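Take a look at these structures.
The same chain A turns up in both complexes below, where it pairs with chain B and then with chain C.
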Partner chain A sequence: MQIQQLKLARVLVRNRSGYGLMSPYFVFFLFFVAYPLLFSLVLVFNRWAIVGPLQWVGLGNFREMLGDGLFWKAMGNTLLFISIHIPLQIVVALVLALVLNRRLLVRGFFRAAFFLPVVVSGVAVTILWKQFYGTDIGLFNRLLSHIGIDRIPWITSPHWAMPSIAIMATWKNVGLYIIIFLAGLQGVPRTLYEAAEIDGANSWQKFRFITVPAINPAMVMVVILSTINGFNLFIEPYVMTGGGPMHSTLSGVLYVYKQAFNFFRMGYAATIGFSIAAIIMIVVLIQRKLFEHEDN
Partner chain B sequence: MLIRARQESDSSDAKSAGRTALFLMAVGILGVMLANGCAAEKSSTSRVRLTYWSSTNPDEIRLSEQLTQEWNEAHPDTQVILQPLPEGRSGEEVLIVASAGGTTPDICSNVSPTISPLLAKANALIPLDRFSDGRSFIHDRLPEGMDSIFVNSDGKLYQVPWKGNPIMVQYNLGLLKQVGITELPRTWSEWNYAAARVTRDTDGDGNPDVWMADIQVESEWRRRLFDFYTFYIAASNGRMLLKNGQVDFNNKIAEAVFTFFAKGFNEGWYPRTILSGDQFLQQHFAAHVTGPWNIAHTERFKPKGFEYGFGPIPVPDTMQASVYTFGDPKSIGIFSTCKHPEAAWEFVKYLISRRADMLLLEVANQLPLRRGLLTDSLYENYFKRNPMMLPFAEKVPTTVGFDQNTALQEVFDAVDGAFDEAAIHNAVTPKVALMRAAQRSHHILSARGG
Partner chain C sequence: MRPVLKKTLMYVLLFAAALIFLYPFAWMLAASARPEAEAMNMGLGASRYSLDNYKMMMDRIPIFRSLLNSIIVSVVSTVSVLVLCSMTGYALSRLRFPGRELVFGIILFTMMIPFQITLIPLYVLMVKLRLTDTYAALIVPFVMSPFAILLFRQFFLQIPRDLIDAARIDGLGDLGILFRVFWPLSRPAIITVGIVHFMGIWNEVLWPIIVVRKEALMTMPQMVTLFEVGGQAENLIAVKLAAASLMTIPIVLVYLVLQRYFIESMATTGLKG
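After this line comes the complex of A and B, so read on.
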């Protein structure tokens, strides 16, 4: 026992500079990640309105969540968003990455231009798009009216609101996924395409049988990242619609926010938060099973 | 060898000098801390210090600065330190978080009656009942019968009702005149008559660009304060959402108010669009439901030749005129973190004194919840100089605030959802929407109300 303690002490002394350098982040992690995480886990089994003492409710928050129609509505909305956003994101990002992978004039400019929305503040972008989406005085409907198309209630109709948010979110994030696809495309050996050309493969066949399998790791990365981002949908509905109309853009995370900071129901909000995290984990595991191939 | 020895000696000297510097620095910091500590202790024994958070509204900051400075000059033993409410999404959120962290001020003059029940439940506020003249002072100040609506469900009074902003309708008189309307609407029929004429396409693109009113379609419970809630209070002669802690809005009057707004949305008199900027001042709307604060804003930003006036909240045709309206009240609270409650109470009494209320009118253009506001000679000149404020001041005694219930915001959220479904989007009938909202509210109140 003493020998083990001595060994531990020796390891600590030998690596003291390493531990010293690590300690500021460790302290940060302890106070701002580990402690809130553990505390929110405690909240899951309690009722707490920020002020006043914790009140033990056991699994009461879970029971309430399962019977809460708005929670299921929020989860349904989130799934709808993901089912529009991920395919749209992949197609747009892949097409643009294929174009930007070619030898284009001012290619650097286009790459930077597509990446720009990623680094711009989400709130600022959402406020801008809110103006564009205005039914009566918005830019998009003004443009549509010039070509004889009737006004679209982009964010004021329960049917249009979530697809509109998905379009905006795709525009905002596509730059990041273009970069990931570009990295994947640049890793495909040229010789594979040359060999395929000698064998008489056309462009589609080269894309289908060389490019797609070769960029599979990038594809998995894009699917997983956009799934996680999709489940975390918050800024867009928070700024643009407040979760309406008729709760059609109420996302899971927005519902957590409303419960926590509008109604001060911290325990219930923590329960929904942990449930969303569990759902994300399960979905990502399924995605990895489906998309990841061992040969990659 | 010699060089190495010298290097070691230099290094040792440097280390020693470094240690000395560190030691001196530590002693210095300790000395400064001790000196400050002693000074603070000294000041805390000789005089009382109170922290006071005001609203972040620039006019109110100016008012609070003036009042605090005057108080501090007159009371050298009780010094007040003013700070506008720290930044946050809402004042409610800031106060709740501060209460949890034990960092509340001694006094805050921006306590919404919607959160005072929650703060009271958590013992974050001091009840005025603990001061010998607490209840009587408030009773004497408030217009007749108004003090009961601020009393908490435990029978105690935790807030000092300070000011109210009666909600009325601001009209663009020019737009009304253009369609031949010279009398402001008093009833729903008169309103609808005006709406049908005012709403029109002026630029010839086939779509209306002038509407009757800017009823907000965003999903947020506070939006309902300026449409459903205000019109419901007017139509029901001052009823609120709850009665004895139970749902009281699932009735024919609320149904009629929903139907009234649904008709307007269906006819296109209110656009189903999310608006930005002041579209009322840009003359896209003939009416705007608002409070007296909008007078100063209108005067500052109105376009040339813009004519406006204020009218009462329209009521059902069966009623003569509206008597009640929503008052958007704000209160002052003394927090239980306060170490000198008696001194804080004295300062609060000063904040709601006759002279301070005069400054509230003059500097912030807001109305104190005060008995005899229109008969007191002190305020006479102000209302002569500001005739636009007069109809608002007349409404003060008949304003209605909020139910004192910890789950009120959730109940409002349920009503907001119902209004969204039935009035704005016409997806279900008002009766069904209200029934669902009532069921949800009943569940909320039985689980968490109080």
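After this line comes the complex of A and C, so read on.
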């Protein structure tokens, strides 16, 4: 025993520089990574209101969640958000990136302009867009009335509210994806296009067989980041609609927040958070597999 | 299509797009500076511009206190990430010690953990440590970040060995080598980590809402969020937009100066912070 301790001490002393420099991370890891992860495993099996003792419920939280209409509503909303957000994001970002990839005057200006909403706080953007989306005096409906289109209940109808938030999120984030696509496009050698032209390829063929494969890694990144965005959705519905109307914009994180801080159900909130995290990891894994498969 | 026509079309598309991204901000600033009755005008004009809406907002919420809080929290957390994560990145890339690869694997793994899983337990930890309603609660969980460690590690791996050997001969220890030799060579890594982390903390709302209830400690996005959803702004659109504008102006000013770095940093990491 003593010899082992001595050995350990010798290893520590000999590597004191390495362990010394690593020690802040070890402390950080213990407190803010390992403890929360382990404690989440405790929480999901218990009922707890922060005050008072933990109450063991076994798989009760998971059973409740599977029968909880609002949890499934939140997941359905997330799916709806993602299925609008991702295609919209890809089309807009790709078109603008393709145009920006040409030799242009003031390219830097356009790049900076498209990127501006990315750096601005989501709270400010949501407050701003709330004024655009108003049903009666909102800017969009007044613009639409000029061209004879009827008022759209952007955020007052359960059918429109989530798509409206997805459109806003696309406007806010697309600048980042433009840059990611642009980086992918700039990696394609010009000689490849020239060679294709000599072989008589038209614009579509050049796009399909040179551009699309070249930006596949960028595409994977955009799809994964947009997916994670969808699952992380919180402040936009919180500020824009509070999760309504009729829970149509309730997001996973918003539901975790409500369970934890409106109803003080820490165990149940942790269970939902745990499950969403698991869903994210599975979805991202599947997306990776799908795209990497296409790559081969 | 004729090339000239094609080029013209492209510029039309680009300018239309730029208008779509820029006009809302111009409108927000204009609306925040005009009388409430004109706030919802489509254009940027006004019968008169004034700072009345800003004054009214300042009467209702301590907005500048929240700006100061945001600066304190973001700066302390970012400096800490730069110092501590560069230390970790240095150890992982340039020093040998038993368990190094294991630790590296763990850090890679922690990067993939969605925050939804740790959110509630982390809040519980803050309660247990009696840190809720303190600056510490806003800063401490963000004093390090796995992404920053990885970025520093990658960057430090490219620095030639000779430089370290030379520095050792000059009698520098590891901390000396890190801060006096590596740091001056690592401007791109420092800028990237700095911007991405700063932006992430600056724009964070969920965590402050959870751990801070005292008005004096609230960060700016949190205060503006509560101003909007808590009813203090009533239905005064121009005042709400003044709050949104005041939150937008500082970051846009920084962005205008460091634009290139912002775009490069966030695009290479794929993080919006």
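In this text, the second predicted complex is superposed on the first by the 267 of 296 C-alpha atoms of A that agree within 3 Å, B and C clash if a C-alpha of one lies under 4 Å from a C-alpha of the other, contacts with A are read in each partner's own complex, and residues count from 1 in each chain.
Operating definition for what follows: contacts are C-beta pairs under 8 Å (C-beta built on N, C-alpha and C of every residue); 3 or more make two chains touch, one makes a residue touch a chain.
In this text the structure is predicted, and so the values were computed from the model without any measurement.
Participant: Count the residues of chain A touched by chain B and by chain C, then name the partner with the higher count.
Facilitator: C
Participant: Is A:184 touching anything from chain B or chain C once the two structures are fitted on A? First, second, both or neither.
Facilitator: It touches nothing on chain B or chain C.
Participant: Would you check which partner chain A:50 touches, where first means chain B only, second means chain C only, and both and neither mean what they say?
Facilitator: both
Participant: Which partner chains sit in contact with A:235 here, chain B, chain C, both or neither? Use first/second/both/neither.
Facilitator: Only chain C; A:235 stays clear of chain B.
Participant: Name the contact category of A:22: first (chain B only), second (chain C only), both, or neither.
Facilitator: Touch partner of A:22: chain C, not chain B.
Participant: For chain A, which residues belong to both interfaces, chain B and chain C?
Facilitator: Common interface on chain A, chain B vs chain C: 50, 131, 137, 242, 261.
Participant: Within their complex, state which residues of chain C touch chain A.
Facilitator: 10-11, 13-14, 17-18, 20-22, 24-25, 27-28, 31, 40, 42, 84, 87-88, 90-92, 95-98, 100, 103, 106-107, 110, 112-125, 127, 140-141, 143-144, 149, 173-175, 178, 199, 202-203, 205-206, 209-210, 221, 224-225, 228-229, 237, 240-241, 243-245, 247-248, 251-252, 255, 259, 262-263, 266-268, 270, 272
Participant: In the complex, go through chain B and note every residue touching chain A.
Facilitator: Of all residues in chain B, those touching chain A are 89, 93, 96-97, 99-100, 118-119, 121-124, 205, 207-209, 217-221, 271-276, 406-407, 409-410, 413, 417, 420-421, 424-425, 427, 447-448.
Participant: Contact residues on chain A for chain C in the complex?
Facilitator: Against chain C, the touching part of chain A is residues 11, 15, 17-22, 24-25, 28-29, 31-33, 35-37, 39-40, 43, 50, 96, 99-100, 102, 104, 109-124, 127-129, 131-132, 137, 139, 142-143, 171, 173, 175-176, 179-180, 182-183, 221, 225, 228, 231-232, 234-235, 238-239, 242, 252-253, 256-257, 260-261, 266, 269-270, 273-274, 276-277, 280-281.
Participant: Give every residue of chain A touching chain B within the complex, in rising order.
Facilitator: Interface residues on chain A, with respect to chain B: 49-52, 64, 130-131, 133-138, 145, 151, 153, 155-158, 240-247, 258, 261-265.
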